[in-house]
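Some structures to go through are shown next.
After this come two complexes, each holding chain A, first together with chain B and then together with chain C.
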Partner chain A sequence: MVMEDAEAPHHMLLLRNFMSQGLVHNQPLLYASPAIDPRGFLGTLPSPAASKDEKSHKHDPDQEKGLRIAWQYKKYFGESQLNFDGQRDGKHEYSNEFDLRKPLERHFLSAQRVDCVSIQDSPNLSALQDRSATFLSQYPRNDGSISCAGRIAIQSFSAPQCAYSNMEWDMLSFIRSLKSMVRSSNAVALITFPPSLLSPSFCKRWQHMADTLLSVKAIPDEDKELSQLLTGYQDMVGFLNVHKVARINTQVPVILDATTFSIKLQKRRFLVLECLNQAPVDGSSGTSYGTSGSCSGSSKTGNLDF
Partner chain B sequence: MNQRSSNLLDEALGLDQSIEPWPLRGRIVAIEDQVETSGSFVLHHILKRSLSPNSSNVSIFIAFSQPFSHYDRVLRKLGCNLVTQRDNNRFFFFDMLMLQCPGGDEGISPECGLIALYGKIYKTIVALPEVSSKNVTIIIDDLSLMEVAANGSSDYVLDFMHYCRTLTTEFDCSLIALNHEDIYSSADRPTFLLQMEYLADILIKAEPLATGLASDVHGQLTVLNKGMNYRQGSSRNKISNFHFKVKENVVECFYPGSQG
Partner chain C sequence: MAESICRALRDGALEGEHAPALTIKDSIASPFGFHVFCHVLSQLSSFILAGKSQSGGLVVVSFSRSPSFYLELLKNKGIDVVSSDKRIQILDCYSDPLGWKDRLIEAGNFTALSHEASNSSTANVLKDVKHMDKLYNSIVERGKGLIGGGKNRFSVAIDSVDEMSRHASTSSVAGLLSNLRSHDQVSSIFWLLHSDLHEARVAAVLEYLSSMVTSLEPLHQPANGHRGDLENLSLIEHNLKKGKFHVRIKRRNGRVRVMSEEVHIEQSGISFTSLSSEGAINQGLVPKVQFSLELSEKERIDRANVVLPFEHQGNGKPIQIYDGRRSLADSKHERQVAATEKVQTNEDSGGGEIIYFRDSDDEMPESPKASI
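Our next item is the complex of A and B:
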């Protein structure tokens, strides 16, 4: 689940990547949003980025040949399931990089691959629950290998324009039910929601429900303090925070080295997440990392400064 | 396995003495955790102890949170085979993942699901052989999801807990329940949480450290054991506080600063 920031729609970047990645790898998608016509959003889904190593930049239906390995998902798929092949180097590549300026090719967006649901006018969540159940029933979890996986993307689930948005317990019931269904299927669901529109207590309930919990935050332009604290501040559009990582079949918590990442748009095309790097501290000034003051400029000296 | 390291939690719960009679007999244990620090490992630990081969305990697990396969895999790594225990009628698993009480306006009381659940627990206990019926541990994971199943009727959940409490007096059952403290502390009236804390004989809180998460210390536990019985026959409240690190096969508990 992704907690949105009302100041900037960075959750849409994550949503687009999630949706494109699934479609490009033959994972059908169920997409629900508060828009009257959710299908319109599909036109903004990015296409896989061309590999840096590719010698020719021909963009044809076989462009997937240049995709780089990002994940080891390939070992879960039979060779015949992959509808693209990175014959270069004999590797099958799983795409994790997308070009936001290049829309996803239309053949990926067919009705067979993408089912869209508008949740704006639904008086309750029964219809969405039924659609989700029908969708997930196509990807039951068996003991054998995974032959096909599905993805569910629900955007701005508790948005105020949705008729059910004041039915807090019903929304919780839906999430609980969806979680159960997803757990017993070969599918993953991504839900984004605006936490500021929920009461604090319910917001906590939602957070506990999530297997993996992320939040995105906008950062202001021209923040002098931040620009002095962080390297590459001018390229950042926001922060991504990892609050919780799924612990399925284990009781051991996942402790990450870093839980906050900067969100950058490289050349305005590529979504890049990076660990934060602090700007170098001027050692002679005696300030520590804990301070938020200027690192390089002169600062007023207090009575106890040496 | 580092026998000593898990003793701080066992000590706090009175489980470091003998397993028979089960030290938690007739007692209610409330476990509270937060988003940052899960307390489910305490449930797993108590379940494992209750299913010790040296005892005749029976455990009834009411699962609102995870399917059986999750607990099976977790407990296997802790050295306890839930499938075998289930086959031997020492472990009863009630899958409540899809339980959803119907809304009130359908003319069916939301209580019906929870009443049926209580009935099922009661029938399971009375069907046990005499000696086992004296050592039953009922474990609930978790209460906040029971509220969701009851469409937000916290009163019905509390009623259910009160009914289960009668089992602790009638059958000497132990009742262990997990809940999420931060849900209620951010609410206007944290009545539900306070009621559970009042009911509990042992209150266990899992919290993050003030310094945040770390790979060698996952959090801190505070255990309030009300009326703990000591060998001399006296009883008094005991508070224990220590740090913990959760591993696949054990939970390491240690006092702050003592972990090398």
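Our next item is the complex of A and C:
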């Protein structure tokens, strides 16, 4: 689940990458949004970026089985495992790089692969629940090989224009039932919601419901304090915080080096997440900070490319 | 800052984007929201009539004031609505929002007052505001009537969302506003909100739906305790004429621009000036330490009066710059000269001198002090 910031649309960047990735890898998608015509959003999905290096790496099926909230884990495995070898016969390599300037090819958006639901007018959540149930029933989890996987993307779940948005218990029970359906099927779900519009106790409950919890935050423009505090402030558009990482069927926790990342758009095309680098502090002793290269600029090892 | 908001509304929406939406929020401590609303309304109208804006027409949905008020207002600003090519339409939700007059007439208890016929072509009475979709359709209809079809766009001004929230649920009001924003032919939209009249959630919802939020706050917070104090009264009076105008703009790149101004209410209207630098904003940035980081006035004068030992004084003496290579004798001589110079300046200025404690002189483990 992704907690939105009412002041910035960064959750849309995450949604776009999530949806494109699924479509490119033949994973059917169910997309729900409060817009009257959700199909319109599909036109803004990015196309995979041309792969930079030709590293091939044996794709480990066991590893993928454990990755329920698949795309999330890819981030934390380090660069060497980011490039999986797909077959070179027309299938795409599994990658996290998407080019926002290039829209996804039309054939990926055919009706068999993408199902869209508008949640604005439905008075309650039963319609959405039924749609999700039918969608997920197509991807039962079998012991054995990975058959097709499905993805569900729900945007701005508690948006105020939805008729059910003040029925907080109903929304909570929907999330719970969706979670149980997803667990018992071969699918992942991404839900974004604006926490500022929920009452605080429900906000907490929703956060507990999530397996993996992220939040995006806007940053003020032309803020002198921040620009002195952080390097690369000029390119940043927001912050991403990782609050929780899914621990399913494991007792080993994922310990992250950093939980706050800056969201940058490289050349306005690629979504890049970077660890924050603190700028050298003014007034500290002499020249050593200012000239050392490792402190400033984007670090290569910490790059988490989407 | 107010100009940048008006400009944003004037420039309207890009293709495929939601229309920019402005929320004007005020409270009882600083009740100038309506003045700001009228200011924005007249600015946008003049842009529209001059043909400088993306939108070709304006629909004013008036809940809290009668349409004649707006006609007067625009006339005072030099905009004659009736003759201005029908660019501005006023949807009257003020006279009879729930259709009572019709029902009273039907019930026979009420004779229609002849002077109530405000049938100017610019005012259209809406009699059923409870249903947000009907309101939506009326607004869109009026707008389309103003500009025709095709790629033309119109702007919408909603007098007060408070009245709308009285008649309908928050989600339907939110639905109306978001549908207006995403309508292809709406160029920009703005509305007024009195935040005290609602729960916090309503204000949060409206801020979520808008791309620019302006809020009005009092300049001085009166102390809570003694309301009757003379001081407090004058502060409150002060607050009735001036206020702080904060703006938060959500930019396209995802960042938020925060700006502040001072706003003055005068007879002729409203004016915006940049914030008098009381240091109110900068206080947050200065680190809080136990000693004073600023110089007092006396200290500043003293500092200006200090004569630096090796600087050109303009009194004919050659510049002596210590470059570390002088022999001891020279340096001693120099020091004497410098000392006498110093004494002289002491007598002259009587203020600034440089006091320097050398590190090596310090036996005690205290940090060296160099104060000016």
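We adopt the following convention: the second predicted complex is superposed on the first by the 237 of 306 C-alpha atoms of A that agree within 3 Å, B and C clash if a C-alpha of one lies under 4 Å from a C-alpha of the other, contacts with A are read in each partner's own complex, and residues count from 1 in each chain.
By our rule, a contact is a pair of C-beta atoms (placed from the backbone, for glycine too) under 8 Å apart; a residue touches a chain by one contact, two chains touch by 3 or more.
As the structure is a computational prediction, the values presented were derived from the model and not from experiment.
Trainee: Can A:Q207 be said to touch chain B (first), chain C (second), both, or neither?
Mentor: Touch status of A:Q207: first partner only.
Trainee: With the two complexes superposed on chain A, say which partner A:Q251 touches: chain B (first), chain C (second), both, or neither.
Mentor: Touch status of A:Q251: first partner only.
Trainee: Could you tell me if A:H107 is touching chain B, chain C, both of them or neither one (first, second, both, neither)?
Mentor: Touch status of A:H107: no partner.
Trainee: May I ask you to decide whether A:H243 touches chain B, chain C, both, or neither, giving the answer as first, second, both or neither?
Mentor: first
Trainee: Identify the partner contact of A:A163: answer first if only chain B is touched, second if only chain C is, both if each is, neither if none is.
Mentor: After superposition on chain A, A:A163 lies in contact with chain C alone.
Trainee: Where on chain A do the contacts from chain B and from chain C line up?
Mentor: 199
Trainee: Can you list the residues on chain A that touch chain C in the complex?
Mentor: Listed in rising order, the residues of chain A that touch chain C are 6-10, 34-36, 120, 159-163, 165-166, 194, 196-197, 199, 218-222, 224-225, 237-238, 263, 265.
Trainee: Once bound in the complex, which stretches of chain C touch chain A?
Mentor: 169-172, 174-175, 177-179, 182, 201, 204-205, 207-209, 248, 250-251, 253-258, 285
Trainee: Which residues, counting only chain A, touch chain B once they are in their complex?
Mentor: Its residues touching chain B are 168-170, 172-173, 176-177, 180, 183-184, 199-201, 203-205, 207-208, 213, 243-244, 247-253, 255, 259.
Trainee: Within their complex, state which residues of chain B touch chain A.
Mentor: 35-38, 40-41, 44, 66-67, 69-70, 73-74, 77, 97-98, 100, 144-145, 148-149, 151-152, 180, 182-184, 186-188, 213-215, 218, 246-248
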